[in-house]
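Two complexes are shown next, each including subunit A; its partner changes from subunit B in the first to subunit C in the second.
Moving on to the complex of A and B:
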């Protein structure tokens, strides 16, 4: 599949289709607070994610911690139930299937986690652990037959000499061998879809390549389809056919791996690619890093979620009240303290932000002075932010900074991929 | 104690050996390691699981577990760290040699405010007034880009990257000569990792501090280190300037390790056959020989000496000449 020209595939070729997936987790809020405010507090872990997986393809789901990539993986194999949206596996909507109806499907979709050590029961021999799923699903009942299947799959994943390792405990195995055992246990059910969540992140460099090779070999031999979840862009580039870049619960860019790496479109993708350390001391360079860290997913930023950190941000990207509070906070903590500033601006705690407004109650006789000072501070803000300010006004006893409403963000087709960024709309 | 010359080295390990007593026998965690760190230099120590790199960090800080037996020396400012009594060590640790860990959350006390952490650290080493200690704490925090009003907050109120910056601020508040960073960015995201590495480099320039950076990430080593020590199964395999190590590696292990790195330029995968040895029964001769494609019978029999092949570039391989 190269580019948008190949729109000929029938939808039946999609092994998995995810449409507008939403997974929100409730946050525990103390009772009193719950009574006072009616607002439901949720973590927007996954907030409208759509993609599809063709048979035999490897899709990389790439992002930093907290972007929701693991939640997507777990929801797809229905270890979690989506808040809304649809998961269609082999043409069947499994979004809200009951556990009993899911069980037969679990054979066909398996998940592998980051830590092989935590995935294996230390009191169960490797052979028993790998054969366990056959018994759970009642596929093979004869003990000798189970043993034979286990030995076969052990040989296939390179856990050799298999008859010696069969009776070993996880503690006797190296990290690479443990991960092979976990892969064998997933593969023994002959799944169609394998979700690999950071499957090589904990392995030493010298064995990581071996496990990646195994993943590729299994794909070739069994026509497996993978969702490969990782924070490691270099590994994803090597392994994946297509890549989806996630940021704070949204897919910001999705397309063929080769072209995303050759020419990243979304500013977040550009930032991510730039920070990958190059193993060559002659290629040291100064990096332009995004400011700060990923904000929390309880109150994701308005508009484009990346806008407070973006290098290419526009006035229409979603500037809001709390961005002003952040600016003011930075101003108050970095610039030398003037008595005037202290009196005029007060402390950061006296300011509030709600939606596209920020403000402060002022008892000053002349609020115009404060308005002027705020305008001066805004003049030193990033230009896109300053231009997003609609007005700074004194209203009664308040001084209010009002931002414009952002433009609506939609997924846009750019060349051979989709990007969620106003620069391309 | 051995008389040391007063050269530019801040710290020098000589034939340094650490064995751990375990129920299953004695683990040879570090074996006759010799290396130095110059003032203002960043030395990267790379190795895989079980290479002994964390043991080296612990030894430099004098915090090896009780089941460790040590021989050889670590000379610091003319005295042997392995022979200092606990009181003297405690005075050096934190004040002159400081540490930042992989996971800041487990090293910050959740019941103490950030300010308490600073006060405890400062007052353990210096007899200054609380007021002065407070102002130094604030200064250190602000230098890491964290607002001073947050000094009364608790660790859980900060993000991962901020906690790591607080750890760095804590380590640096006493202006140490040597900072030991054990996988300082491993638990962080790539962008924050870049931010932290930049901070560490800036600090080194400003304070002329030496940095011992322990990591498994060769990309980071290439970006920030002046020299590199490659450890394999407790032995020093290769030591040299960062450019030599990356462009002209000598030891087959270093070469294999470098080719196993997956970077954006990777076209095909390379791995090292086999797995790292059991340190309870390390292989005879060169510890890498069971996995080395070039191994000959001499490699099984004799431990290869560390030879200087180029100025400052050492390797421990019987066939080092052929790989030049």
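Moving on to the complex of A and C:
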């Protein structure tokens, strides 16, 4: 106990270190299907995330919904167990610690959820809810002492008049008050790390500003370290020292907030920053938004996960069979010369894609014609995709489109940050 | 001293009741008193309290404190002296009906309270822990549940013998699975709420999470089950007595047994021996059913609102 405690206080040390964090959720597959195919179906919620948090820092974890940012937050406070990778908190590896060993550590790391209403037990008064952590950890046993601590912390987070609100139920409070109560409940344990998961997303603009102010005040007064998870870039810009941009389970760009906002490097960050509304109508630029939607995390794209939607995509970014199917689908549904294609290309269901190959069994006597047609379609595809095609060949009774293998993607240091993009490698 | 009055704004929002569970139940009951569900509930409560009153003050209320046979003339029709007449062995029917309320409520209370005391925590545990323990408990409870209630109770009563407490135990076994299932399904739906996860993040141990965070929400469904199973328990107890598996012969009052005894006299026009005990069973079970159904209609919307 004493050994670890003395080691903790060196300020240079990172409070939290996350290394190659992987969190995969198994998908429930019907028994029969499970027996037939041995393939394990998992959602790649978090797929290799690394970052560290210095003491007293606010790190923003920003991304679209479904990118895995919430999973990262919940795994760090070990509400979830990581599939692999390491979480090092105060110099101690907590990635696979048992819940009973985690319990004393929970005093020093707390999480605040998005929905303040749902985070409070409807059958518990505010005062009891805020004071309960003290009793859970056996810090204060005397009821009067608990009450005093609760009233103190309520005053500190601005939950006033505190003696009146003490006996209210969550249902009687406004959204902002509830979020303050949730913050008070976490703060009463005097944590070192506070994970705020979309903590202000459900609040009105005016209340949101005040709660953000409170978050900054608490940091200043208690030397708190925050992991601030949000999809709201404007909030992150206001609050965070550093920002990690997440896309589909990976951090694509990580660096100081100011410079990321000034000059985003990764194409995804660039696209994301364009959607921040600009208050000045004269300064509005033309927005170049990413195409399509976020792919599903069960089968994430090969190579760079953003490549199917990327504006600056390269031939080496990870084009694969599926991308060709998507192209073909788009062609079949939009092309006016439908009749001829119907015979030649068949329906989209007849095509398969596996890894870097896409193909179709052909019954035509002259598969050359189909090969030519596929090449014509590819010529109209985005240039990067067309260049990524290694060959279109007839092999026996199959016509196969073969893509090249993508270049390996690594985190590259660019100026003051790390970016995961082939453009900078 | 007028300044001491609480300001009207606070008074108008219903008074704060320290016990959240009772508050969550009584406030809607008061608010809904004019609706059909509310009226049914209050009617059922009234009937229940009426019988509780009779049961508690039975020794003071009975006109003839004796329960010995042949103390009065046999088979007297209802008269001013014997308001409900006398039975074939000369006992006052009214006195037996009043004592019967006591035995019925005793059996009901023992049976239903033990079922609650066992079924609720086990259901909570099963739903919260999940996995193999849950599957095993569900299997056990479902096999008990699948058994016809009266038959099971008769079986147990035959094994452990007569007496108010033993009959209570026999009845308990029927209702444990009911409380178990209701509590378990409530627990399953509450378990995933963010405030339960928040409690885990605060470092609460499993039993703290279960009893401080889940039980509060799971218990709201209990009053409905409590009323309905009470009604059923009265019927089952009477059924056991009717079949001769119930209480000792010298029990001062036993509705089911009295009904059974009266059976052979119905044909010869001696109606009072069967009508009065039978009527009591009907009124009490109907009252409890009213209460259960009324509460059900009041509580379900609250549950739905709390979920959203």
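Criterion: the second predicted complex is superposed on the first by the 404 of 425 C-alpha atoms of A that agree within 3 Å, B and C clash if a C-alpha of one lies under 4 Å from a C-alpha of the other, contacts with A are read in each partner's own complex, and residues count from 1 in each chain.
What we mean here is this: a residue touches a chain if its C-beta (ideal position, glycine included) is under 8 Å from a C-beta of that chain, and two chains touch if they have at least 3 such contacts.
Everything numeric here is computed off the predicted structure, so don't read it as measured data.
Annotation for the three-chain superposition on subunit A: subunit B and subunit C fit side by side.
By the touch criterion defined above, A:77 reaches subunit C but does not reach subunit B. Contacts of A:161 after superposition on the shared chain: neither subunit B nor subunit C is touched. Subunit B and subunit C, viewed from the C-alpha centre of subunit A in the overlaid structures, lie at an angle of 70 degrees when rounded to the nearest 10. Shared-chain residue A:122: touches subunit C; no touch with subunit B. In the superposed model, A:207 lies in contact with subunit B only, and not with subunit C. Residue by residue along subunit A, subunit B and subunit C are tallied for touches, and B comes out ahead. Touch criterion met: A:107 reaches subunit C, while subunit B stays clear of it. Using the contact criterion defined above for the overlaid structures, shared-chain residue A:138 touches neither subunit B nor subunit C, since it reaches no partner. The gap separating subunit B from subunit C at its narrowest, counted between C-alpha atoms of the superposed chains, is 7 angstrom.
In the superposition on chain A, no residue of subunit A contacts both subunit B and subunit C. Touching subunit C in their complex are the following residues of subunit A: 77, 79, 102-104, 106-107, 110-111, 113, 115, 118-125, 132-133, 136-137, 167, 169, 182, 185-186, 189. For subunit A in complex with subunit B, the touching residues are 64-65, 174-177, 204-210, 212-213, 231-235, 237-238, 261, 271-273, 275-284, 287, 289-290, 293-294, 329, 333, 348.
Touching subunit A in their complex are the following residues of subunit C: 16, 20-21, 24, 193-195, 197-205, 208, 212-213, 216-217, 306. Taken together, the subunit B residues at the contact with subunit A in this complex read 48-49, 142, 147-149, 159-162, 189-195, 198, 216-223, 225, 242-243, 246-247, 256-258, 260-264, 266, 269-272, 275-276.
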